[in-house]
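Each in structure tokens, the structures are laid out below.
Both complexes shown next keep subunit A, but they swap its partner, so subunit B is in the first and subunit C is in the second.
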Partner chain A sequence: MNIQIETSVQATVVRIMGSVDGMTADSLLQQLQAQIAQGSIQLVGDLSGVDYTSSAGLRTLLATVKETRRLGGDFRLAAVQPDVLKVLELSGFTSILRVFGDVDSAVASFGS
Partner chain B sequence: MSVQNGVPPDSVKDRRKVAMVIGAGSVKCAAALGMWRVLRREGIEVDLYVGCSGGCLYAAVMSLDYTLEEAEQLTKRLWTREVTARKDLRSLLSMIVPRLVPFAGYFGLVNEEPLNAALRATFGERTFDECVAPLHMVATDLQNGERVVLSSGRIADAVRASVAMPYVWPPARVGDRWLLDGCMTDPLPVDVAIREGADVVLAMGFEAAYPRRIRSASRYAFQVNSIYTNNLLRANYGFHNLAHHDEILLILPDFDRPVGLFDTDRIPEVIKAGERATEAQLPYLERILATPITS
Partner chain C sequence: MSGIEFQEDAATIVRPGVHAHLPDFLDFVKEACTRAELDQSAEFAVRLAVEEVCTNVIRHGYGNRDDAGPIALRVAADAENLTITIADRAPLFRPDDAAAPDMESDWELRALGGLGWHLVRSSVDEVRHEPAAGGGNVVTLVKRISSPAINPEKTA
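So, the complex of A and B:
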């Protein structure tokens, strides 16, 4: 799994590539928490490069959502691949997460 | 491996315990046989089986160690249109003219005898004690709404209870309880596997498809059941993901077109879909099973 981070005025985009699973979830969580610790609480997870997520990955996503919202921000997802979206839907996560078709829409949503 | 808190060495786990959980889904549950085929080919041992509704049928044949071919044939013989062909006239009359035919406390649109006979022909007197790996089936108590986990007794009785779809079949009498379909409380019983000590849970779940048209009372009953079962599946599964200490791998077979309730002629195709879905997760599954449990 690789992570690239781009910061703009409205949000910090975390581009995740690879699988978000038990092997990678801790590393992802640490990097997301580091962003939050630096004050980036408006986060966009670009999941266009994520081909798989397991229960460990879901726990990481939820922990980040809870932490950013607790601080007044949010963690929003963008460009989720169909197989990953299916898992998010079946686990009920799409009812509490905000999911956007592309990164630009997700970033723009923080300004609206 | 270090031993702490007085735990004797032989009780310390040296590998992850693997559970296969097969959710409700009628004929689609045959995809579990595809998962089983892949796991056997790769030498991955399953430590326990859990099933709900149609998934019980496959959990049972796997834990009884039937061959794949036997399992396919058995389920083709069991799950036929004849099983639902006879209506339950007494039940119907008790709804229409309850003064003439007193209501029994429950009803089912379909006569249960063909289903009971098919289950007897499939499983005979075989019991949970004969399973090569622990087997658990989920049903729902009609009186108090509790989820009931069946892990002992006759397998035919437990499957009958777990597939007792409300309004379609009458509940099944098991011990002193009237039991309905497990999909009413736990359509994908990952929590049973967690409670039984599973680390890696291979969860094969199915959302019921919604037909375009509803042409009969029994189809209407199926539709209503599907709505709340699908919603319950999502709610439960979300919680199980958050509650589990290790990994749940959701295995979702992809079908080219919707699989009908009695499309048993499509079982080979359904099994293939289960194989493909499992193979897609195999590299990750092998990696986590190869990772020491303490890391």
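So, the complex of A and C:
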């Protein structure tokens, strides 16, 4: 798993590539928490490059949502691949996470 | 199936039940999925079920101990099914006792865990658990080779 970070005025986009599983989820959480610690609380997770997630990945996503929202921000997801989206739906995450079709829409949602 | 041996052969991998060996089990299953010609979505589902079962054994069965006992994972495929058997020597557990996942609470109250068994049951067509002869657990996962990947309707 790799991540790239791109900061704009409205949000910080975290592009995640690879598998978010029991081997990588903790590393992702640390990197997301590092962004939050720097004051980036409007986060967009670009999941277009994520081909797999397990409950370990879900834990990281939920922990980040909770942390950003408690600080007045949010962690929103974009471009989620179908199999990963099924896991999110199956876990009841789509009722608490905001999921957008593409990164631009997710970033723009912070401006409205 | 409760008599699984903790001995490696072409269809069986045996490793200590510690987190560092999780990739070994997942790579082994990935190769089996490729041989069985599962499509990408079905392979995703099998990998998910195996990761969740192995993680449960490592974390809850063996308590994340460095001196954990073994996990044996065996694969068998025929024209219709890919069958994966995961055995451990951890204390007996009952999957049916696992709490139902919290799918309804608001985000503030939503639990960070508790989804593992729910995902296992949703990812494969059959899940069986039985006590192993001489102690431990044997979990059998069956994926129909022709079935869809993850089936939310099944657990709805």
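Everything that follows uses one rule, which is that the second predicted complex is superposed on the first by the 112 of 112 C-alpha atoms of A that agree within 3 Å, B and C clash if a C-alpha of one lies under 4 Å from a C-alpha of the other, contacts with A are read in each partner's own complex, and residues count from 1 in each chain.
By our rule, a residue touches a chain if its C-beta (ideal position, glycine included) is under 8 Å from a C-beta of that chain, and two chains touch if they have at least 3 such contacts.
Quantities reported herein were computed from a predicted structural model and do not represent experimental measurements.
Once the complexes are laid over each other on subunit A, subunit B and subunit C cannot both fit and instead clash. Applying the stated contact rule after C-alpha superposition, one finds that A:Val87 touches each of subunit B and subunit C.
With both structures placed on the common chain, the touch criterion links A:Val65 to subunit C but leaves subunit B unconnected. Using the contact criterion defined above for the overlaid structures, shared-chain residue A:Gly22 touches subunit B and also reaches subunit C.
Contacts of A:Ser55 after superposition: both subunit B and subunit C are touched.
More residues of subunit A are touched by C (comparison of subunit B with subunit C).
Subunit C runs into subunit B after superposition on chain A, and of the options 39-47, 111-119, 165-173 or 219-227 the stretch responsible is 39-47. Residue overlap on subunit A between its contacts with subunit B in one complex and with subunit C in the other: 21-23, 52, 54-56, 58-59, 62, 86-87, 89-92, 95.
Only residues 21-23, 51-52, 54-56, 58-59, 62-63, 65-66, 69, 82-83, 86-87, 89-92, 95-96 of subunit A touch subunit C when the two sit together in their complex. Interface residues of subunit C, counted against subunit A in their complex, comprise 19, 22-23, 26, 40-41, 44, 47-48, 51-52, 55, 101-104, 106-108, 110, 112-113, 115-116, 118-119, 122, 149-150, 152, 155. Those residues of subunit B that touch subunit A in the shared complex are 205, 207, 233-235, 237-238, 240-242, 244, 246-250, 252, 281, 284, 287-288, 291.
Residues of subunit A touching subunit B in their complex: 19, 21-23, 52, 54-56, 58-59, 62, 86-87, 89-93, 95.
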